[in-house]
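I have placed the structure first, in the form of structure tokens, so that the comments after it can refer back to it.
Each chain carries a letter (A, B, C, D, E, F, G and H) given by its place in the written order, and its residues are counted from 1.
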Amino acid sequence: MAKVLMKGNEAIAEAAIACGCRLYFGYPITPQTEVAEYMAKRMPKVGGLCLQAESEIAAINMVLGAAAAGARVMTSSSSPGIALKSEGISYIAGSDLPCLILNVQRGGPGLGGIQPAQSDYNLAVKSAGHGDAHMVVYAPSSIQEIVDLTAVAFDVGDKYRVPVMMLADGALGQMMEPVDLESLGERKPPEKPWATTGHGGLRKKNIINSLYIEPEELEEKVRARFERYAQIAEHEARWEEYKLGDAEICLVAYGITARICKTAVEMARRRGIKAGLFRPITLWPYPSRQLDEACRRAGVKRVLVAELNMGQMVDDVRLAINCRLPVAFHGRTGGVLPSPEELLGEIARLDAEIKEEKD
Amino acid sequence: MAELVFGRPKSLSDVTLSYCPGCTHGIVHRLVAEAIDELGIEGKTIGIAPVGCSVFAYNFFECDMIQAPHGRAPAVATGVKRALPDRVVFTYQGDGDLAAIGTAETVHAAARGENITIIFINNAIYGMTGGQMAPTSLPGQVTTTSPYGRNPKIQGNPIRVCEMLATLDGVAYAERVAVDCPKNVLRAKKAILKAFKTQIEGKGLAIVEVLSSCPTQWGKSPAEALEWIRTAMMPYYPLGVYVDRTGGDAE
Amino acid sequence: MTVEILMAGFGGQGILFATKQIAKSAMVAGRQVTWIPSYGPEARGGTSNCSVIVSDEPIGSPIVTKPDILLALNLQSFDKFVPRIKPGGMLIYDSSLVRKPVGRDDIEAHAIPATQLASDHGIAGAANVIMLGRLIAITGLFDPEEFKSHLVEGIPDSRAQMRENNIKAFEIGYGYKE
Amino acid sequence: MSAKTGTNRVTFDIERCKSCGLCVEACPRKLIELDTGSMNSKGLHPARIVDQSRCIACALCAIMCPDTAITVEKNV
Amino acid sequence: MAKVLMKGNEAIAEAAIACGCRLYFGYPITPQTEVAEYMAKRMPKVGGLCLQAESEIAAINMVLGAAAAGARVMTSSSSPGIALKSEGISYIAGSDLPCLILNVQRGGPGLGGIQPAQSDYNLAVKSAGHGDAHMVVYAPSSIQEIVDLTAVAFDVGDKYRVPVMMLADGALGQMMEPVDLESLGERKPPEKPWATTGHGGLRKKNIINSLYIEPEELEEKVRARFERYAQIAEHEARWEEYKLGDAEICLVAYGITARICKTAVEMARRRGIKAGLFRPITLWPYPSRQLDEACRRAGVKRVLVAELNMGQMVDDVRLAINCRLPVAFHGRTGGVLPSPEELLGEIARLDAEIKEEKD
Amino acid sequence: MAELVFGRPKSLSDVTLSYCPGCTHGIVHRLVAEAIDELGIEGKTIGIAPVGCSVFAYNFFECDMIQAPHGRAPAVATGVKRALPDRVVFTYQGDGDLAAIGTAETVHAAARGENITIIFINNAIYGMTGGQMAPTSLPGQVTTTSPYGRNPKIQGNPIRVCEMLATLDGVAYAERVAVDCPKNVLRAKKAILKAFKTQIEGKGLAIVEVLSSCPTQWGKSPAEALEWIRTAMMPYYPLGVYVDRTGGDAE
Amino acid sequence: MTVEILMAGFGGQGILFATKQIAKSAMVAGRQVTWIPSYGPEARGGTSNCSVIVSDEPIGSPIVTKPDILLALNLQSFDKFVPRIKPGGMLIYDSSLVRKPVGRDDIEAHAIPATQLASDHGIAGAANVIMLGRLIAITGLFDPEEFKSHLVEGIPDSRAQMRENNIKAFEIGYGYKE
Amino acid sequence: MSAKTGTNRVTFDIERCKSCGLCVEACPRKLIELDTGSMNSKGLHPARIVDQSRCIACALCAIMCPDTAITVEKNV
């Protein structure tokens, strides 16, 4: 179990290779270009290929082609590049193809900035392009978790034939932490009898397609896909609870922000404030039931959502708890990370509210 | 004793093509199927259907098929070919698909010398969506989005795709053909066959541009439409081989 | 215990290399550690900085905005980051490039003419490692022998000179007397 | 669909034929016409050969047929 | 007030021209190609220009350029084309530029179908591309309303310097209804001193930009924009209430679906069921307070959301009423429209539930 | 008496350019500013900044400026020019911006003969993002995404932009220049001036491709980098006029 | 009262023109009306259909799935849509192209050999307007004189023949006896 | 910045200079060097002219300066 120091951008690349991914298509964009650079070095050594596409759009469509051909394949980009991929993502979802898409988010809108952000939450979770479609969305909060979730992501994608997004941010992409890669072992993609690999005269032809010109047929396809989504919601939600046992204040945060929230929770606990953290690991499916249960179990009185955006996850939290509790929000944008101190300030304010109520 | 002089190629599916009466998309489909048959590659071929009138091409060829987003067929083909380098991969694309929205994907597949075969249907119009101006519509041509005739000063000049791609080193073979008469159809057949052979021999990107008719959106009878290919299109789009870096042995 | 270190200087001064050595030693010592460079077009301007956090607890944000320890290798970094050092924190700076009073008396400041020392000893470009030596000497963050062994780890035999230079630089810094 | 002894044979797949007339134009001997008297299930008048005996089995009609509706057999 | 019969696709084009729009950039896609075709005929006659771009991406960026130059400008597309525009939309939002974007929705995901759909609700309302950004989103439900809202859309866009989306669907785009265009009169865009028109030596140079490399600066920009959004939410929400006065069952629907719901409400009323309809006209800002108040006022017991998708608006409705009432959903997708009869079935089921509770 | 032989052009903003030491982006900026000054058009010029090292160009020219999405500058310029036909509109773009992600926008602005001026910085690399392969990177060139040298068999062949655009009728003027030495800088200046004049005279699209250095990402000193332009780039990218349909009077 | 009309046939039979005449008359009569064509690549197959709804109340969905009145101009349309006519509804069909029993007795069926009549009267291509004449005659939906005036409205003087043909066709249909 | 009578004058904007050395290479008379003894606020050694009197005001240095840091005046 030798650990190595690795950047998030490199760790996901190496993890993907360990998962049997032998094709990477991408286009440079800060703060995730190291993924392509790492792949460019490593892939030829494992008999794989890293191809720099002419654009994000070309890259996602190369992914579509490779996925149709049955390969484990990934691409990565950052916010504006992900927006460009959205038509392609919708096609991949509509063609029932699995693949891994990494978004190392930066500040927006527009060209925005290049520092860490979480302002593509809605883009990832609510609308994977046009039409009724979803990606499974993972939000790791450490380099080790990036590695571990990469394996999960490929497996879940293949199992349900859906695109999967790893939603990271500039900090996770750029930072190094000790990471254990060996635990992944060597993984193999499953058989994909539906893939367009050439029928070889051995089977009927396969078609990968998202066009259904008859409304009834398209509706049936969509409904069948949503049944799969329901299975995913049932079985694949992931989350972490931290010091929630007796918490009156429940922080909800994911990714890099969740780490800072943990520090803030520690600080609050040291001050005698009963704070805890609920960290959704899958953002879609959202661990709604689990959040609700955790809050009920602990008797939470206030919820505090923290994100690197203007509050995109707040609605999901309110819905999860059925609007039962007041939900406060603390967000920073543009690449600014909140300090644990400022979060502690928010926690203290909520604590005072609770105390007042008790009086 | 009767000998079959002309029959249906096996790689062409036994369904009615969705094209309008007299649309030469159908001829090109048959030629592609014949080439696949003659090379015996149906089982190792993967075709990419575009968005355009030929969007349903996935129903018309007996090989494995993928339907690509509008304009992105060359990128999709790249993904397939890089995953399965020993398979034969072709795209079948219209002029809107290949030369408008898909310009970047076309140029870069060509620049990469992507080892695929592109069948490019130049009918100087957007057939599928009802007759809008294509990047290949001729100066003066009336379309629904150039109702007063395409004015090069405002709407620009048609793109000559073979000529443009000929400037790129990755292109192994580029020929412009037409399907306006039996002689040219037979030439087109030869070109398509060669384009597949070029790929099989690993020479790089091969593209066959086919001047094709759209009687419906041109507002002409099928026969008049063939005449228009000859009289209006060919002067602007001369037939011929624009690139041949195959060294002849792919002939 | 958590130590937040920021090292800053010009692009070519080996900031990334030096800070990675700290991170590696921390990892081997079984401690929690994060490392993150500044990134983006500011690098084009020529400045570069890197955050390392070493801790016994899970680390929150990897980005150091208020360092416990600042290693400043040029004037701009000195000017920009000295005001951000935590009260009671520490500054180590290259006094061959920064000739200026520290201007704070609530921090512990150490000057070392690292660039000068490096060129005096014929190991130009090793100022970064000299700074590391000084850091370890002052703080005792890691065992110096172990640190040195990490410092040369992975340098191939073909570049034995480089190993030697690194060790030499470290020792110059480690042994430096203000 | 077996060939009649003694003559070449051109067969039209009536259901596939879209009545476009390209075969009519293509036949060097002008042997083909659209059969206005009959209608396929799409309501179209399919092509038919007027005088089978004069056919030289050149297959030009078939080559130009966009719907591969024509089969040509040569008597040998 | 002579009425004329017009397709939705033509009516919006003519209305835009009446509003002083003299530039249209687009790319053909069913079911909205008539917009471009109409513009191609009309624009030259009013000294304007309709340019067919090489792609949706080029079109939205031409819009960006023309908007930066101070012009009233519009583009239109349908679902996959809108997904492709999303990066550009984010840039337009991030550059504080006004423009009108029409989405005549069709079924998805992927190539999907070409028949009416409302499955880009989230794309329009939740994530206008990457980053924290919004469009004002109008959902007309008749051709006359398309015309009237076009004028509102241009004015609101210019006033707040935001992109505005007209969210229609294949049925609204293709259908004809009698419409009065004369009431619009002749409208002129306002002065735009911020536009990049060439400074002429008369003022400081203008810059249109969305890049702010300093996180603090970007954060400030985003916050300032969200203050404008708050103003929009306060002043620009639109909605219609139909027979809600005493309703126990409140249907919530927009666009073409709202029309069918009205028929269903009529049928229900005839059966003695107290049903009504709340029709949001702006989907962003969502008329949340208004919906909540309408439900409270009437003493609504059940809410029924109907859409041409898998339930994308349901969350906004639940949030609007603070999860106070059960919210049922009836959706059709792929281009299928619900019949009033099937909606009536749902209404009757809810009515039975209410009766049961009362017992 | 002292006469000013060389000074700062007025249209160049009084700020420090954000480029690396010795990066010739700076020279080209100055040339553009000089051209604007000499033609007296600052007040009627609108510049479009790309995404790339020159993304901050909006801070460097004194005319009105727009920052465009990566690759889309020609489309943005089209929007501006169609809204304000009597203004002078130019884009300033890198090779990744113009010839990779922006290929379609470039080709179609050229095909339309869009009456704008494009200044195209070919430095055979993605400078901004840290030295990745560009569509113009040379065969064998080591970049961070072609760490074993660009292999035309895998990563494809460089695109010669002037040659490719020369096949399009809408291009009025296309010249490739370099800024590796004073003589070539002066020639580049002439070309840029002519590219603006071409627009002012309404002749169509004018593009000047400038072979430019990127010492930082090439890993060379500024002087070595100029040498590399001469020895490595020029053989692949010959300098010269590729199109001149201005009729000479724009000279 | 609401009448839902569906007219269906081949692409070239003037379905859109004919149904627009109904819509225009309804508009002028101050009634609510919607008109919507089928759209999409099925048009390539050659069939085309169009929905018109005329009502005194606001109209919900403009798409007619269960017509009160079906105007069928070819066999495919007949086969596809006759089963969808509302019980008690009405069918008018071109009996020169559809030679087949109606097969439903819960609807009112009217045959008219419109195409035949048109070519007999030297106005080939006007079968659509003949069908309209028949529709108005049977249903009394609109005043025939007003309807005729809308029918020629907007046809320029230069095409006087077309006006005449339209009027003629309408009258053939209007006066037809089964 | 007025010209000294009798000689041409090359002026360097020290703060703009990035010490790239392109002017050093460009000067046909090799009159320019990077001043390792001085440093601008960015810590860079700016270029300077070694012998002003030999300058022919050809401006080649300025033409190659990417940062427009050089002004050339000719004595006339």
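Just a few scattered comments:
The rule is simple: a residue touches a chain if its C-beta (ideal position, glycine included) is under 8 Å from a C-beta of that chain, and two chains touch if they have at least 3 such contacts.
Note that the structure is predicted; figures quoted are calculated from it, not measured.
Counting only contacts among the remaining chains, removing subunit F from consideration leaves everything joined as one piece.
The minimum number of touch steps separating subunit C from subunit H is 1. Separating the centre of subunit A from that of subunit E, both taken as means of CA atoms, is a distance of 29 Å.
With each centre defined as the average position of its C-alpha atoms, the distance from subunit D to subunit F rounds to 60 Å. Centre-to-centre, using mean CA coordinates, subunit B is 39 Å away from subunit E. For subunit A, the set of residues that touch two or more other chains comprises 30, 49, 51, 54-55, 57, 80, 87, 91, 95, 110-111, 114-115, 209-211, 213.
Across the assembly, subunit H contributes no residue in contact with two or more other chains.
In subunit C, the residues that touch at least two other chains are 40-41, 46. Chain contact summary for the complex, subunit H toward subunit C: residues 42-43. For subunit A in complex with subunit C, the residues that touch the partner chain are 3, 5, 30-31, 114-115, 170-171, 174-178, 256, 259-264, 266, 337, 339-340. In the complex of the two chains, the subunit F residues touching subunit A come out as 51, 55, 67, 69-71, 96, 100-101, 103, 126, 128-130, 132-133, 135, 144-148, 154-155.
Subunit F makes touch with subunit E in their complex at residues 42-46, 48, 55-56, 58-59, 62-69, 72, 75-84, 87-88, 104-105, 107-108. Those residues of subunit C that touch subunit H in the complex are listed here as 10, 46, 74-76, 97.
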